Every structure is written in structure tokens, then in C-alpha cells.
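The two complexes that follow have chain A in common; it is paired with chain B in the first and with chain C in the second.
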Partner chain A sequence: MNFLGTLASRTLGSLALLIVVPTITFFIQGLSPSNVVKGLLGLDATPAQIADLNHRLGLDQPLMLRYARWLANAATGDLGTSYTNHQSVQQILAPRLSVSLSLILGALAVFTIAGVVVGVMSATQGRVVGRVLDVVSTIGVAAPNFWLAVILIALFGVALPIFPATGYVFFSDSPRLWLLSLVLPVVALAFAGITAVAKQTRDQMMLAIHSPWARTLRANGASEVSIVYKHALRNAAAPVITIAGTIFVGALSGSVVIENIFVLPGLGSQSLASALQADLPVVQGIAVYFTIIVVVVNVVIDIAAAILNPKVR
Partner chain B sequence: MLTTRAPHRRRVRGAIAGAALAGATFALSGASAETLTIAATAGPTTLDPTTSTNGVPSVWFPNLSYAALIHRAPDGRSTPGLALDWAYSQDRLSFVMNLREGVKFSDGSPMTAADVVNWLKHYKEKGSFTAWLGKVTDISATGPMQVTLKLSTPDPMLPYGLDQDGMAGDVVGPSGLAHPDTLGSTTNGAGPYMIDPKATILNSQYVYVKNPYYWAPDEQHWDKVVVKIISDGNALMSALKTGQVQVAEGAATEAAEAEGAGLKIISAPSAMLGMYIGDIDGKIVPALKDVRVRQALNFAIDRKGIAESLYGKYGKPTTQFVPQGIGGYVAKLEDFYPYDPKKAKALLAEAGFADSVKFTLVEQPAVSSGDLLAQAMVANWKDVGIDVTLKPTDSFATYVPLMGTQKYPATTLTFQYSVQLTDTQQLVTNPALYNYMGFTDAKANALAEAQRRQDIESPAGVAAAEASETYMVENAFLTPVVSVDALLFATKGVDGLKFATYPWPDPTNWKPAK
Partner chain C sequence: MRLAREYLRRPLGVIAAAFLVLVALAVIAAPLIAPYDQLRMDLGHSLALPSAKHWLGTDRLGRDVLSRLLWGGRVSLGGLAEALSVAFAIGVVAGLIAGYVGRGVDNAISRTTEVLMATPGIVVLLMVYGISNNNAHLGMITLGVLCSPSITRVTRAAARAVSQEVYISSAEVLGMGRLRIVFDHVLPNIWGPIIVSTAVLGAVILGIQGGLNYINLGVNPPAASWGGMVSDGQRVLAQQPWLIVPSGLLLTLVIMALMLTADGLRDATASNRSRPARAQAAAARKPSAQAGAGQADASAALSVRGLSVSFSGLEVVRNVSFDVRDGRTLGIVGESGCGKSVTASAALDQLGPGSRIDGEVVFGGVDLNHAPRRVRARTRGAGIAYVSQDPMVALDPCFTVESQLGELIGRHERLRGSRRRARALELLRQVGLPNPADTAARYPHQLSGGMAQRVSIACALAGRPRVLIADEPTTALDVTIQGEILDLLRTLQGETGLAIVLITHDLGVVADLCDRVAVMYAGEIVEIADVESIFDRPAHPYTRGLIDSNPIASKRGSPLPSIPGAVPSPANWPIGCHFGERCRFRTPQCSAGPVPLAPVADASPHQARCIRVGELDLASAGQERRS
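After this line comes the complex of A and B, so read on.
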């Protein structure tokens, strides 16, 4: 199978997620003991009030029928309306999507670039840097992002107010403030990823630098710079990109916590509020949005890996 | 707080830009005299007053955009709102309100008596607190600006149901009532502010701007009011310390930090925390039918220890349902259940339930330090041989249906203080908001009825409230544990924050410091 065929096959496989994930989300919520109608109407709601609201929200229909309707509407781009405030799901999530994308793509960029730089330095600068990286990696993996977030806010938001402690500025309002408002949350979300990518990069670089083909290149007079940055780095890149993709998917769940701590109006903070309110259409919509993000990133990673490593093609 | 949203105006907001250019602080967002930025720990499920909940902070959202028929001043007095005056008839079976002339809703349409009638009928049918209008049999316009409510039996609570915290008086305009689905995310009230839907991100930030038709422009203290939803305590304190937020709902656990940061702390007794027993008839746990067992549950609790350790100076031990200062409070009842494990054991033995009482206690969400409180109560009960298992819930959407199963005999609760009749009517009568097991106590019903025949604030009304309070405490319908304060943390730029037990803190009273 050629590259395009492989890509098409993987994309189709990823697209299946777009049906599987929201379907699982729908039925888990449908079977949960939470009840949005009773939550809204309170303890002293009359049976007539409950029946009326159930009917108005379509919750008096069988679960399978509700699912079929949701799926049919979703296929046309209609993700429904919120049970609680009756806004369309797209309307609720549209402003939040850019916030979450800014955060998680920012984190992806930071942990990939910083991780690769540190990893290459570690592989080329000797054992001391490598040991330090090992220690920092362990800390990076062990330190929860919410703990790091609190420390960053206390240090750089309150004690030294270099960055805003909380909040978000939209790019359209001020590109400069948008960037400043993202620094601390992106660092908090990316930190564990930096160390993981750095360690992976170092290990792959060490393998490449000490491989037989590298020795052959040296014997043929190739410079160390050329071996490291032209050949070894390219060789190490594919596995590094793959692990970056895995970390990215993990960062999506981390973004829920980070958005709450930094008070960012993203999909993560909305998912928490909607789940607590049992607002199923909104939670479904967020599941769809997150799945699309994962699918797109997976496809991009596949393409990047294929470009960097002919064997993948 | 820096969150801003202006989809159709690509300009940098002055205050924020200034802060950024200065490069040193982000404190200016919302700190200008024309913008008040408030932090609430949770967003409202809806902006529609029909299904809005009350209590702090939920009530802040309707407070800003919906004027109530009756306005309760911070000192508790009933003052004119959309209604200029009101009165019960001689037989107390009619309640007549004369409405304010010249009031307009935020869309510019004038308020008429018919609008008020339509709203009250809508609320009576669909509202979250329909009990306020439970005894109302007819609502009609009896003059161009007069509305009359007919009652089946006397009910002195109407002025409370129709005030800004009761919700039933938050009149929605005709266009809102014609399109009720729009009310979840927009507003159509006659209050001082109205929501700016374009700048609002539901569950994150609610932006209110001046209602251009408000009848008292002098009382619109801000050009804009922004309510930020900040559920994380650390984030809340950081936002306050850096001036991103000016007023926030505080917590006792953060009071010392707020004090250290030089913030203003305003507090007043706000709620009773403890355990509600639904199974008074002993259908699930037969022992709970015996008053001696319920009294043993009360004697076993170390209220002083729990109050001091969990709530510090913002919590006081209590055995009652209203605090000092509210009609119905009986000072001598505070000593009715001293911490006495020996007496608790003796009562259990006397009732024939020594070491054999066992039940599950559902944890209501949003009880202040609720997990720790419940665990402390369970530990106290264990010491006297009562075995209680906790069942946590994560949200009211889970909690309410769980209680509706009628499989659980008791729940922890936060009971926001109001007047004593509210406690009686919501806790021990049948029907009652909390009476999910449907027990009937004839004397509790009769005592409530006696209160309903009097004005709440009259000497006879207070005496009737004291009788209800005494009966509820002596018969241990609940296990009250601690009376907690509501707290506001504020920067020095805001005044008018003082509040009493009831009404709850109201952001329309807050104004720029002179």
C-alpha cells in the first residue's frame, strides 16, 4: 500500500472514533443515576412538573430513540440544545473551542520543541546533563499539573506579577494579552510532556549516534554536527513524534483541570459544569469536539511520521 | 481576572491594555469604577428566574437583572420594589399589590398589571419554588396597576416569596414569557442591569450592562457588572489578591489568608448545617421513629469541637433552625442538646436500640466542608454505638433523584436561614420541601397553621414561631450541628457590602468606595 493508501486507511479508522466515542458517552450518561429534570426542579417538584419538563426536553422517549435522533441530527451538524439554558450546543462551545485549542496546541508546541532541544542537548553534552534530565524527568512525571499550576500562580501571578494569575484574553481582543494569559497554563500543562519528550529524544539520539551507520559516516569524514542534526535527529524524530501524540491525548484530560485552576473558559471547564448538571447534549458535544481534535492530531502525526521515516510509508 | 470577550469589536480594552503595557500588574481588569467584577463559586444552571435556585451565589444572577415585586432591604425590612405597597385583607384571604407606574422591562416594553398576573401564573405552574404560591387560588388584575391574589387559607409568607430572594416576585417581561426558551441565556427583567449575551460565556463569565429603562438610574452604581465563575479556592484568592476580582463569595477556610492579604471580610449567619431525618416514621430504620433515638443522635454530637475545628470564628454550634435575631429563636434551646455521649447511650438503651442503630446518610452536595462535617458526625455517633455509612453525591442532578428513591433515611443539609415558618414548612410539615418520605406530624402541621394566621414580625407571630421552633428541637426532627456565616471577601474599592442573615448579599447594593 502506498503512502496515500496508508493515510486514507488510518484516517478512516480514526473517523470511526467519531461515532464510537460519542456513542459510549451517550449511553454512559443515559444510564447514570443523574437526572437533569429533577436537578433543575428540585426536591419538591410535582410529578406533573417533572412529566412536563421531561416531555419538553424529549426525555420521555426511549433511550435508543433519543440516541438515533441525536446521531441523525449530529450527522447534519446539529448537536442539539442544552437542557438547562436552551442554547444550541454549537453556540455554547464555539467560543470555548478556541480557548482549549490555544491551550492544548500551545502545550503541544512547547513540550515538543522544548523536549527535543533538551533531549538533543542531553544526548550530545555528556552524562551530567543526562543524569540531570533523568532526575527532572522523574519530577516532571511525578509532579501533578494542578500542583505545578498553583506554584506557578503563586510565584509568577501573585508574588511577581509578571503574568496574569487567572483568566483569558481572546486573540481578537489583544494578541499580546492572549499570549501572556496562556504562558502559565501552557507551562503547567506542558511540563510533564517536556521531560517525557526529552527523555525519549535523548534515548533515540543516543541509539542513533552510536549506531553502525553513524560510525560509518564518521569514518567517511562526516562532521559531528551533520551526524547529529542531519541524520540522527531525523532518525529519532518519528518515535518522538509518536510519543508526543500520546502525550497530547493525555494533555486533553489535563486541560480540564488546568482550565479550572486558571479560570479559562474552555471546553474542559464547560465539560465539568455540564457533567455536574447532567446536561447531556453539551457533554455529548464536548465529546465530539475532543474526538475531532484527537482524530486530526493523529492524522497529522501519521503524516509527519511518514514524511520523516520512509519505513512508515 | 482577565477573561474578555468582544466578538464584534476588535479593540483592546483600555484597562487591560494599560495593565499589560505597564508590564507589572494585571490588577486593573474590572477594578475601574465603572466595572464591578465578582467571583461566584458556581454558575447558574439557567438565567431564567422560573427555574433558578436561590441562596448564594445563585441568587446574584437574577438579583442583577430582575427587579422583584417587593424589595427586602439589607436590614430585613420590606420596601417597595415593582409594587409600591401591598396589604392583606381583613380576613387574610386576599393580598393586594399596587404596582409602580412607569416601569419598563429591559426591552423597553412597559410593565402592566397583566404582565405581573401572567408572570405569577407562569411561576405558580412552572416555578422552582411554587410552594410560595401554593395557597394562591386566583391571580387577577383588579385595577390598571393593581394585582390581587386570592388565598385558600392565610399565608403570611407572600412578602417573602415575592421579594428578591424568593424568586416568585422576579417578574419577567411579556416577550420573555412568550419565548421562555430564550430566558436560559438572556434576560428580560425590570432590574438595574441586563445580560450582554455576546460578551457572556455561560458557566465562565456573565457580563451585565445597564438596563437603559431602569426606573432609578441613581441606583445603577456600575456601568458593567461581570460575574466570573471561579470554583477553585486558590484561583479565587489569587484573583482577589491581584485585584482581578473585587468581591467574591468567601469560605471560612480561606478567611485567614484573605485577612492576611488585607481584604475586607464581611459576614453574617447564613445557614444551619446538620442532618435531616426523612424517615421519621421509621419505614427504613425503625429506630428513627423513636424520639429517644433521634435525641441520642443529637446528644452524641460534639458541636463545639466540630464548629471550632471546621469553621473557626465563622461557625457556631447550634441546636436550632433560626439564628439569634430571627423571630422564633429561643435562647434556652441552645443548651437542649449538650455534648453528652453517656446520655446518648442511655437513651439508646432505654429505647431498646443499644448498639443496634445502623443507617446510611446521604451527603448533600455543596455543604460547606461537607465531607469533613459528615465524617465528624459519623465518628461521634460511632462512639455511642450508632453505625452510620456515608453516601456522597457529586451534584444536585444526582442527589435529588437519589433522595426520590426513598431508600435513604437521612441526608446532610445546608439550610439557608429565612424566617422560622420557612423552616417549619420546608422541614417538618406535610407537604414540605425536604419531606421526601412523606411523614405526617399533626402537631407540626398545627403549629405551622398557627404561624400562618399571624404576621411574621408581629408579637403573636414571633410567639407562634417560638412554639414551632421548640417543638422541632425537642422532638429532634433534625440534628442541627453548626450555624455558619456567609462570607464576602472584597477589595477596598467597593462599599455597601454589609448584609444581615436575610436577605442574602445582593450585588445591586454594592457601590464604588468614595
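After this line comes the complex of A and C, so read on.
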């Protein structure tokens, strides 16, 4: 299969996600309208108030019709209006996007780079270092990110106040403080990913180092440095990038928890507030935003993996 | 059960599983064993450190931490059970259908699985919590659905592998119902990997659920949950950092125990499938004397003397000696498992750690086996080069031919830029590639087998070696290409005076190319002679057998003779003649003691390892059987 053909079919697959995920969340939204309205009005609302609100929010119309209308509006960039403060969903979410992107793209960069470095180390540094890294990574995977986050706050925000414990500074206000405010959340979010990327890197590199072609190169005079750092690393690149994409989806989910812990004004903290208030149009909007982020990252990763794989180039 | 027994051998796994059982029991028994009510506040004793009264201290409202930990475990482990059973049920059913039933369904399920894996699950969860007033059960069921792909995939792959086994198709032919086959034959054979992946998923779910509980999803305070207790602790982090420890640590330990249990199960199922045969009889063998090894031949390009190789104490090659001169070819022949390739690897210094090489590998007057690392590195490629068996995996798939060849040229001749390229093209031309520039720009997967083997040979020639060790260089190729590659080796030898060590199981190749032949059997050379002597006057029954079983030599229409039996594995080498058990000329003497490699006549370069060398006439032994 040629390069563009492979890429086109992968991209189409990713784009399908853009329809599928918001559709799923929309129909979940339609499952229980009465709960929603009760949630909005409180428990002592009268039936008349409920009926009135139902009508005003358009919840008394058939679900398919509401879906069609939402889809048509979403296609033009209109994601609807919040139930609670009557702002447009776009208005609520747009300013928060940069916060979430700083966090999750930062985590993506950290777990990929640190994971590759650790993976290469454990592939090359002999048994003792490999063993130590194994133990550390077992603990790293086991400690849930929210607990890690709280411990990081306790250590580096409270006991040794090197970084702000919570809060966010916009890049435009102060690049330095922006960076400082991101360090702890990014580390907490990226930690589990580092170990997963490291494991993949090590496995792929070991595979390459012991492959028949490495043996042939070695026997014909290639240096071990070249075999490890040029050939094996290059061969590991495509599978490592692919797994980074999978981990990224998980990290995106984790960002909701992390944003709440560090009180970052991003999509994640908004999504929790909106979900707990049953402000469903906002949650639905966040589903669209998150899906777009996943699709964009997937496409970029597919392009990178295709470029790195000579068989599809 | 074998699996259970295997598992019990792993102390870490047993400790982990025991810990999980203990925690689960304590949590189930919370109403009985919790010292206090989880909600009982005692503001006078808030933020207390562990004491005899409160083993794990009290929180900011003076509630007993241990009691809340026990009660909170019911939320955490109960939710885990809900989510995990949903994921397990969906995953196993969907995986079985996809893996066993059929292609159309398989495609649909695989696609769905892919979409689910790329879905940012949190938005679905948030929507579910949003419409259900934060209902814990709905949340966990949704989480189970979202997590099911990992089990679907494992089940599908395992079911697919099993359904291709013969006993499944025979059951189908016998008319067994599909459902019966699944329950009687497929499931029992695949539950190992399914259980392992379920345990791993359990660890993942517990972490996610903790995070959800931390942000108050799926739990309604003041009721305790492990995640929520971390959140409670965080509020008073500055006053009492201890409070983030108990629940977070317990959660981490439970997750770790689940992962260790999964690891143990994985190991146990793996060794359940194929337990390595233990080497039994190493003690029965005496160390062989290095007799007859003699001095290295100074005029030879490569001279191997008394080479023995062992892996973790088990000898696989014993006392092998041979010479190869410039411009000549030595063939090493034998069945698989005879030690041919290990001998070659030892000569190439390509045996990994854990191996032990005794004896000498003399190249250019230096014994490489005892030479410093630097000398050995310098010899690789520039003194002794290597061509491997399967050309399709002999080149790095990620780099072009020119890049790989260029790297070796740069290393050996310190050429850069256009001079390096010119040398690469010259080498490709030398190995008979009609369009060197085109080949140079290609990736390995764009080459045919024959082209790839020519490129491999070019790579081997990059250091202008004196000796080329070729390990079955034509075995993986089409018959027509085989001849071309052998011709190429012959031509190159004529041009460059290369000494070639050719490892093969094919006597046709030997007859075509070699000057001298070493026949190996079970780690030893059993006969070594000029190629004419080997074919005209074989002196060892094994050589005779090899010649007779060569299809080219056999008569048309008559069945191809073969040597009955198989090569004994190194652990089972007899004390006497290694070939004894398969030899039709065997006498009781043959197994009495080690048989030396001896000249067939005084001072003859034709040597054989057979005590009956003088009595047997194998020149025309053909196929007739001794009565």
C-alpha cells in the first residue's frame, strides 16, 4: 500500500471518531431528561416548573430531532447554550482550551521523551540498572496519578515550595510562571506514561539488538554504538510513537482529574463542574473538544509513524 | 491443577495474591471489624496521628481513618467488581465471537474495539454521571464497557489461535455444535491469557476509579472512598500531611498486588505451556582430551584449533579443528543441530554472554579467542566477514542499501561523501547487481531474495575481508537463484583470493563449490577430507548416509534413503561414538569410550572419527543393509 493511501484510510478512521463520540454522548444525554431538569431545579421543584423548563430547553421534543438540530448547528461551529448561565458553550470553553492543551501536550512531550530515555537506558545499561528501573516503573504504574499529584504538591508545593502548589498563570501574563505552574501537573499526568513508553522502547530495542540483521552488521564491522543508537533506536521509533498515541488518550481522561487537583482553569475542571450541575450542553461541547484533540493527535502520530515506516513510504 | 501449582512456585505472586485476599476479606468484614462508625465525628480529636485508640489516626472531622478505610474499600472494591465483571462479560463474549465465529462479525467487532480504544472515555463517563445524579453503579458499568476492548482483543487473539488447531476442525467435522465446541474446546484453552488481562485491567480500573472518587464522581460524601479520602487529606495538607498516606498507599499497594498477580499468572501459564526439558545427563560425560588439536597452520587464512563451545556448562561443540587457505573453500556439512552454526558464530565472535569458548581461532597469526577486544573488533568485517542464511532479514529494514553499505565502508575505509558512494556502487556492481544506483536507493523490503543476498555479500565485502564465513547462504533462496549466488561466490573468490567457510546441509552445494569438507555430527567433526575423497571414499558411516540421502545421488524411482533416528541433543551425547545409535555398522566397542579423529591412512589429510575405519569399505556401501 502506498504512503498516501495508508494515511488517507487511517485519517478517515480517525475522522469517523469525530462523529461517533459526540453521537454516543448525545444519546446518553437523551436517556434521562427528567433527572436533568430535577438536577437543575432542585428537589422541591413543582411539576409545572419542571414542564416549563422542559419546554424552554427543548427537552420535550423527540430525541432524533434534537440530535439532528444539534449536529447541524455543531457543523457550523455552534455547540449550543449552557443550561445554567446562558452563555454559549463556545464562549465558555474557548478560553480554557489553551490551558488544557498546555497540560496534555506537555505531558505527551514529557512521557514520550523521558520514556524513550529511560527505555534506552534499561536496554543498554546491563542487568542491575534494568532491574532498578523495573522496580521503579512497577511503583510508577501502580501509584494512581491523583495520589502522585497530591504527593508532589505535599513535597514540592508545601514542604519545599519550589513550585506553586495549585493554580495557573497564562503564558501571555508570564512565561516563567506559566512554566512553573505546569511542572507538577505535567509530571503527575505523565508519570504512568513514562513507564509504558520506556517498556515499549526497551522491548523494541532488545528485539532489534538481537535481530539477525544486527548480528550481520556487527559481524561485518559495524560498531555497537551505531547498532544501538542508530539502528535499534530507529527501528523502535515507529512502534514507540504508536503506543504514545494510545497512552495519550488515557492521559486526556486523566487530565480532568489533574486539572481539578491543581485548580487549572481548563476544559477538565469545567467538565466536572458542568457534569455535577447537569449542564449537559457544556459536557457535550467538551466531548467535541476532546474528540477533536484526539483526532488531531492521532493524525499527527499516523503521519509520523508512516514517515518512519519505510514499508508504507 | 498445573496452573495453580506453577503459580505457587512464585513467592512474589503468592504474597501479592494473599495480600489481595486479606484486603478483600477485611473490607467485606468492615461492619464487624471496623473499630468506629465511619461517619462518627469527634471534633475534639481531629487530625490525630496514629495511636492505640486510632491505629491510623483521625481526619479533619475526628473520624477514625482505619474505619473509613475499611468502609471506603466497599465503594472501591465493589465498584471494581462491577466494572470488571461488565468488561469481562463483554470482552469474553465479543472476543470469542470475533475470534471464532466469522470474518464479517470479526471486522465489525474489531472496528468497534478500535473506536472504543480511541475514545476519550472520560467524556462518556461525565455524561453518564451528569444525567444520573452522580450514580456510582451506572458509572462503574460505563467504565466496564469503556475498558472492555483490552479483554476483547486478548480473547479474540487467543480464540483465533486455538480455532486454527487441528482438534477444533476435527470437532467441526464430527458435527459438534459451535457452542459446544466453544465451551468444551476453545474456552478451556484460552482462559490463561484472559485471566491475566483481567487482572491487569483490574489494576487500571482501580486507578481510574480512585481518580473519579477523588473528584467526587461516583461517591457522595460524607461516605468514605479511598480516592475521596486522599481528597479529604489534601484539604488539610499543610496541617497534617499524614492523612494523604493511608488511603493512597493502600490503593497503590492493591494495584501493585494486582499487577504482580497478573505477572505471576502470566509466567505460570507460559511455563505451563512449555516447560523446558531439563538437561539430565551432563554428569555422565567425561571432559574430552584436546588430543589431535595440534598447532595452528601458519599458512592458512583461518585456522581453528580445538574449538569447544558450551552454554551454561553444557557443551554443544567439542574439539573442532580445521584450516582454510586463501582462495580455497571449506565446507562444513551436517544435519541441523550438529553445531555447524555455533562453530561459525564462535569463529565470528558472535556468541552472546553465557557462552564459553575454548580453543583457538587463529587469524593472521593471532588467536582471536584470547585476543583483546580491540583486536577482535578490528578483525570483524575487515579480516573475517559474514553472510547469513536468510537475506530478507539480514538487512536493517529501516535504512536504504546505500546507507547500510556506506556505514560499513565508512567504518572500514574512512571514506566520506562521493567517494564513499562510489565505493558502494562499485561493490554493488562487483556482486553482479545490474543497476547499482537503483539498488542503492532501495529499502530492503523492495529487494528480491536474490538481490538481497547479493547486497548482503556486498556488505560482507565492504571491509575487504580475507575470510568469508557464509552460513547456509542459499538455503532461503529459489533453486535458480541458488546457483547464481554460488557462481557469484566462486567469481569473487577468483577475483579477490577470498577464503570461504561455507556452512551447509546440502552436499550438492559442497560438491559445487568446496575444496575441502568437514562433516559434523552432534558437536564433533566426524570426517574431514578433500572433496573428492569425501564423495569417492567416505570413511565414516554418517558421511556415507548423508551422500546416500542426497536426492541428486539417488536412483530414479527408488525411495530416497534416509538415516533413521535423530541427532542426539547435547545433553544426551553418549560417551562413545556420537553416531553409534544410528549406525548400521555399530559394534559394542563403538560405545566403549570417546572415539578420536584419526587419519584413515598414515599421515593422510583424510581423517575420520570411526574405530572401524580400516575394516569398512564405504566407497560403494550404497543402500544394501548388513544382515
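Keep this in mind: the second predicted complex is superposed on the first by the 305 of 313 C-alpha atoms of A that agree within 3 Å, B and C clash if a C-alpha of one lies under 4 Å from a C-alpha of the other, contacts with A are read in each partner's own complex, and residues count from 1 in each chain.
Definition applied: a residue touches a chain if its C-beta (ideal position, glycine included) is under 8 Å from a C-beta of that chain, and two chains touch if they have at least 3 such contacts.
Not measured: the values here are computed from a predicted model.
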Quick one: on chain A, after the overlay, do chain B and chain C clash, or do they fit? Just give me the call. clash
A:170 in the overlay: touching chain B, chain C, both, or neither? Say first, second, both or neither. first
Output check: A:253 vs chain B and chain C. Expected answer is one of first, second, both, neither. What do you get? second
Per the contact definition in the header, classify A:287: touching chain B only (first), chain C only (second), both, or neither. second
Look at the residues of chain A and decide whether chain B or chain C touches more of them. C
Applying the document's definition of touch, where does A:12 land relative to chain B and chain C: first, second, both, or neither? neither
Could you tell me if A:278 is touching chain B, chain C, both of them or neither one (first, second, both, neither)? both
Could you look at A:180 and tell me whether it touches chain B, chain C, both or neither (first, second, both, neither)? first
One more residue to check, A:235. First (chain B), second (chain C), both or neither? second
Using the touch definition from the top, say if A:158 reaches chain B (first), chain C (second), both or neither. both
Is A:150 in contact with chain B, with chain C, with both, or with neither (first, second, both, neither)? both
Clash list for chain B against chain C, restricted to 150-158, 222-230 or 366-374, contains only 366-374
Share the list of chain A residues that count as touching for chain B in one structure and for chain C in the other. 32, 35-36, 38-39, 150, 153-154, 158, 260-261, 274, 276, 278
The answer for chain C against chain A in the complex is residues 114-115, 117-124, 126-134, 203, 206-208, 210-212, 214-217, 227, 230, 233-234, 237-238, 241, 244, 248, 251-253, 255-256, 259-260, 348, 350, 377, 380-382, 384-390, 393-399, 404, 407-408, 411-412, 443, 445, 456, 459-460, 462-463, 469
Going by the contact rule at the top, pick out the chain A residues touching chain B in the complex. 32-36, 38-44, 46, 49, 52, 81-82, 84-87, 92, 95-96, 150, 153-154, 157-158, 161, 163-170, 172-174, 176-177, 180-181, 260-265, 269-270, 273-274, 276-278
Contact footprint of chain C on chain A as seen in their complex: 13-14, 16-17, 20-21, 24-25, 28-29, 31-32, 35-36, 38-39, 138-139, 141-147, 150-151, 153-154, 158-159, 211-223, 226, 230-231, 234-235, 246, 249, 252-254, 256-257, 260-261, 271-272, 274-276, 278-280, 283-284, 286-287, 290-291, 293-294, 298, 308, 310-311
Which residues of chain B touch chain A in their complex? 1-7, 10-13, 16-17, 20, 24-27, 29, 43, 45-48, 51, 53, 126, 128-131, 181-182, 184-185, 201-205, 228-232, 234-235, 238-239, 241-242, 244, 394-404, 431-434, 436
